[in-house]
Amino acid sequence: MSARPRTLGASVLLGLLAAVVTGPTGDSDEPLRAAWDSIADVRIVLFLGLAVALWLVLVLGPRLRGLVAAVTAPPRRRLTAATLTMTARRSVAAAGRRGRTVAVGGGLLAVAVVAPLVVSTAAQQSMVNDIGIYALLALGLNVVVGYAGLLDLGYIAFFAIGAYATAYFSSSTAMPWHAPFVLNPFFVFPIALILAALAGVVLGAPTLRLRGDYLAIVTLGFGEIIHLVANNADGITGGARGAFGVPHLSVHLAGVDYAWGIDPLPYYYLLLVIVVGVMVAFGRLERSRIGRSWAAIREDEIAAEATGVATLRMKLLAFALGASVSGFAGVLFASKQFFNPQSFSLQASFFVVAVVIFGGMGSRLGVVVGAVVLQGLAFYLRDKVQPADRYIYFGAVIVVMMIFRPQGLVPSRRRRREIELSEAGVGAADSLGSATPTVVRP
Amino acid sequence: MGFLDQFWQLSVDGLMVGSLYAVIALGYTLVYGVLQLINFAHSEVFMLGSFGGLFAARALLPGDGSVPGGAGSIALVAVGLGAGAACGGLAAFTLERVAYRPLRRRAAPRLAYLISAIGASLFAVNLAGKEFGRQNVDLPDLFHNGTVFRLFGAAVSTQTLVIFAVAVAMLVGLDRLVAGTRLGQGIRAVAQDADTAVLMGVNVERIIIVTFVVGGLLAGAGGFLYAMTFNASYSMGFVPGVKAFTAAVLGGIGNVRGAMLGGLLLGLVESYGGYLFQASYKDVIAFGVLVAILMIRPSGLLGERLGRAA
Amino acid sequence: MRRRPFVGAVALAAVVALSATACGSSGGGSSSGKETITIGFQGVLSGDNQQLGLNALYGIRTAVSEVNADASSPFELKLVESDDGGSPDQGPTAAQKLIDNSKVVAVVGPMFSGATKASEPAYTQAGLLSVSPSATNPSLTKLGFRTFYRVIAPDTVQGKAAADYLSDVLKARKVFSLDDKSDYGTGLSAALEAELKARGVALTHDGINPTKDYTSEATKIIAAAPDVLYYSGYYAELALLSKALKEKGFTGKIVSGDGSLDPQYVAQAGKAAAEGTYLTCPCGDANSDPNAAAFVASFKKVNNGAKPGTYSGEAYDATMALADVFKKLGKGADRESVLKAFGSVNLQGITKTVTFEPSGEVKGSNVFIYQVKNGSISVLGNTANLIRS
Amino acid sequence: MGAGFGRVFGGLGASSTSGGGVGSAVPGARRPGPGEDAAADLVVEARDLCLRFGGVTSLDGVSLRQRRGEILAVIGPNGAGKTSLFNCLTGAYRPQHGTVTFWPTPDRPAQLVGRRPHAITRLGVARTFQNIRLFPALTALENVQVGIEMRQRYGPLSAVLGLPSARRAERDGVRRALELLDLVGLAHRAHEVAASLPYGEQRRLEIARALGTGPSLLLLDEPAAGTNPAEKRDLAGLIGRIAATGMSVLLIEHDMGLVMSLATSVAVLNFGRVIACGTPAEVQRDPAVIEAYLGVGDDGPDAGGATGKELR
């Protein structure tokens, strides 16, 4: 019974916090003033009311649950022999599921095609810059994080490489340093792809032997180095001034002349095609021997190695593949609009990781949904809250999400199994191991 | 004018900043040692601690902008350290409760903790910005007698001396705590093998909380020291956080003495590097050194066991 | 923990509900029967530089409230804010947000040069006027953005004048030019250095990304023993740098640019460290100019006691210039007419007289020199006059 | 200590598979007599392996030979260095001293020390683990596929484009994997998640996965640990069937019944040294072996090994 007052306490604290978050803005001369003002205000009644309501729901929850569970999400499966057998049966029914997947995919694709037509141009712009580009980045990082189980915190560096490669090859004015010839950005796609993949190999070859967290910090360092060099090398990249004047994409082929421009919509559809293409390609990869090798490495690296999987080479492959997608996205971004080194900050790298985990690592659809939801949330909050406070809500949503759905929005089947198993104490959910001392498992 | 002429001065500068990195790095290393988890929100613990200490010290300052000097200033530093530590500890406790514990209960994959930490960090940074304003907040120099002595020609001010001394005292104190007390024994036991530790009657949940709080106390006190010279602001945590994390890895994450060594070394490398090259390349140099060292010694300078540290 | 998913759903719902309650609190409806004209603001309202954005936003709000309080004004102004985080990534979306809102007839912003370069193509395409209070990159008016105006002089103007002042008045023979590696800082330091070089002044250049730790940089500066340190960057960093230099006993003069002309500089550096610092600005300073006392007073009133800071005055002037145009246009001001009329605006603002070259550049900017004296920033005068005397 | 030595060697009664000749593990380690058994068709030969961890010596000059097609069992008390030996053979540990030569085919010797584990597996040495290490969330079929596919050559591009060669390889892989599952008696479990299989089946799945890599030497680390008598019988039969195909099997096992019934020769390890080797019958009589087993106190060889306690 002592849990109830504690739950009430927590609810009230939450209510107070919400009051402070939504309350007035303070300053450093009277540091506690703003918090006090938001609590000593009539509004507090509303928040306390909400807190009590929350408490009631929590306390009465178990009883209400039966009713609500049927309507809302099905309860999380417990790992039992029965579940596992069920999982197995589901696997047997793979063929039937494939059909359903195609149907769902087609439906989602239709939504993706129609969606931009019913929203404002600003939203379209955001669908390109924020959602589309980040979905592409997340798909690439997903290969590294989700498939191979490696943590890359400097992923945006490859994006930068792609963008600067575009400026180098496709414009003679964008950067002080440029190619002696000018290429249509379309031709830069393969170049950037290869350059970024090479960069991935160069970075990965010596570092992939490092354990998970060391790899994380080395990649983080690499990302920062690229970012700082881009910002400092005035004579080469143009430094903080950025690269202005990279031409838009255009096609002049067999009578077809089309040029992309400022309008975001054509870019959206181009991105959509690319994203879907990448999803399909990585889907095939995932179901091939390569995908199975990655899964093996993720689940038990030692066993994978003993089974003949060239773990280092497979990780390097993942790294290079992920990097190349990032470089690809960089070309698209650079040809779409002006950029400067700010676009390649450490925070951007973190954000891509957040999109991948939030969406559900290892799941192609998941990471795209992650980009849609997170960036959509950011866009939604633009008008709803003070811009300066936007990231308070954003941060809160991420924490709440991770608490209640650590596997992400749309986890992949394989990953879900891994996580269920890891929760039951079998195997590891990623090659980084579990953060949980095994003893605290319930 | 040459580098060698400034060598000692740069060393003093580097050691002062490095000692602060070391203090923050301990928080990363302790939590990593116990949970094998990078506590990415630790930088915000540091930020909140520094605000706490700074506001406490400012509240006690006379309104006319003067500083008491001498013993009065020492007392102010003590108050600031205490308040900073308290805020840092509280922040770390809350962080563990809200952003980590629920995940631990669910045995979430490790990356989920990372994202939860990033979310918590975004929340804390922007809430602090909202509550305390987005301007840097200054604490008047508590000591105004400038240089107290010269070390090989390098000027050492009272402020520098105080910061370095307090930081080193905290480092030594923590090292003793981990090496020589029952609590430290518990921490080391959990770090080495949580399963066995629980069989030996160690309360793992408690050790985890304590580890977070100890890291928070240090980061909070370190935050006040940082704010004494470098001002405080809502976004102040990120950079020293990344640096301290780098320092922890450099020394061998999970290793208490490694974090100290890594912090001091990183401070020195930055100081020398910033002098020898354009200062904006100093992070490039710092990260370059990190990568180079990890290539040669993949588990950091001193290896990585918290348990082995003592 | 069996009931977790349910709790999760509730908690998520709660968060959404709470954030929903928080919204829509801003924006007062107009009570009088006056016509409402909507203007937009695109600036940096999130991220590390948001204080600069707030400075500008508060300036605009001050102008808006003054216009709306003025009974003789035939219209009321309504402000729509759009945050670009100061980054080019978010620029196009932020701009589009304002473009989409058909009521918006003119925009104050964008603030940073990078975001401007990313956003301006969209404004140009939409024919929506944008008046930047703070983007100083010299190239901006040469990139073919026909909708771009700025009420602040480009870096070249300030850099040249500052260099003249350093060598003629401060008699600097050796200058340490430090920039913050931002678009603004590198632009200003490049202009300054070009002029100093032409005058044969010995130069040391260094760049340092904004940080809090200037200890070793101070050592480096002192080791170079310059007569003058010119910092191209913002006040928050200059304050820390000044503190570090003071502690290490730097004896040269510290000079900085418009990014540091903010009372917060003195507050954050402490009076002792800030004392004597020179600041150059192609602008009048509201806080020290007695003519702007009314502005300062109304600024404080509108913005809960905040003082005008860097770019507040410019943003105010930009808004007032817009209001001036609206007044002239009378009823039915739309994007096209506003854009056409804005080039010929002539208004005595608090930072300068606002008139424009055809390129969108503000005309004949005088660069003023300020100095921190007794803990407050006071004006020394116009560089041209100071050099002559 | 309760286990009497006699009972240890009590025999299981399963049919013994006779294949190679007399075991040729070399006692006395240091001097593998030159020319001794020179004509023998060896599959693997370890010479003078030394492995130390800090101050602990795990292998102290172990030499061992195995003939092609032979089932060689390595026995010894806990901590005698059996698994360390395995790890040296498979590249998981790198011995400080000594060599391991492996003949994938009689005319092509390869040095194993210094190679990475996957390279050794590619040469044809497959292993299982003492504490089963399957890929728990993959299905049984996928587990075996991983082993088979590591020999396939098609790259990411072929996979993405779905080239015929890739599809063919994929189909072949599945077919081969099903065959192997059938061999170990798990064909009906092909699409079940590995972690959901009962313990004994997991053991067999691990063997199938190892066989998938196409080895000429199969290393089994305590395959019978933790299995019940029925499972154990099945297992013995399975190992017998595998050996009957001509596969060389190196076996670590505590269960003496299993060892005595299966092995063609036995090597006994104690304190990181080979103290005896020979046919099961010879070893059984060796005084040094009896001494070793009787002298280890409470941790003695858990006779039947059926409890699987010493697994941990």
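Order of writing sets the labels: A, B, C and D. Residues in every chain begin at 1.
In the analysis below, contacts are C-beta pairs under 8 Å (C-beta built on N, C-alpha and C of every residue); 3 or more make two chains touch, one makes a residue touch a chain.
Remember, it's a predicted structure, so these values are computed and weren't measured experimentally.
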Mutual neighbours - chains that touch subunit A and subunit C alike: B
Higher-contact pair (C-beta pairs counted), B-C versus A-B: A-B
From subunit D, the most remote chain by mean C-alpha position: C
Between subunit B and subunit C, centroid-to-centroid distance (C-alpha), Å: 34
Separation of mean Cα positions, subunit D and subunit B [Å, integer]: 50
Whole-Å gap separating subunit A and subunit B, where each centre is the average of the chain's CA atoms: 29
Centre distance in Å when subunit C and subunit D are each reduced to the mean of their C-alpha atoms: 74
For subunit B, residues that touch 2 or more chains besides their own: 105-106, 126, 129, 134-135, 137, 278, 280, 283
Per-residue multi-chain contacts in subunit D, two or more chains: none
Subunit C residues counted as touching two or more neighbouring chains: 1, 4, 46, 50, 54, 181, 207, 209
Chains touching one another, given as label pairs in label order: A-B, A-C, A-D, B-C
Interfacial residue positions of subunit C with respect to subunit A in the complex: 1-12, 14-15, 17-24, 26, 45-46, 50, 54, 81-83, 86-93, 96-97, 99-100, 113-114, 117-118, 121-122, 125, 137, 139, 143, 181-183, 185-187, 207, 209, 306
Partner subunit C, residues of subunit B touching it in the complex: 1, 5-6, 9-10, 13-14, 16-17, 65, 105-106, 126, 129, 134-138, 140-141, 144, 146-147, 155, 157, 159, 226, 229-231, 233, 235-236, 239-240, 270-271, 274-275, 278-280, 282-283
Touch list for subunit A against partner subunit D, complex: 81, 84-85, 87-88, 91-92, 94, 281-282, 284-285, 288-290, 292-293, 295-296, 299-300, 302-312, 317, 321, 414, 417-418, 421, 426-427
Footprint of subunit C on subunit A - complex, ascending: 14, 18, 21-22, 27, 46-47, 50, 54, 57-58, 61-62, 64-65, 68-69, 72-73, 75-76, 120-122, 124-126, 129-130, 228, 231-232, 234, 239-242, 244, 262, 264, 337-340, 342-343, 379, 381-391, 393, 396-397, 400-401, 403-405, 442
Sites on subunit A touched by subunit B in the complex: 20-21, 25-28, 31-32, 34-35, 145, 151, 206-207, 209-211, 213-214, 216-218, 220-222, 224-225, 228-229, 231-232, 346, 350, 353-354, 357-358, 361, 388-392, 394-399, 401-403, 406-407, 419, 422-423, 425, 429-430, 432-442
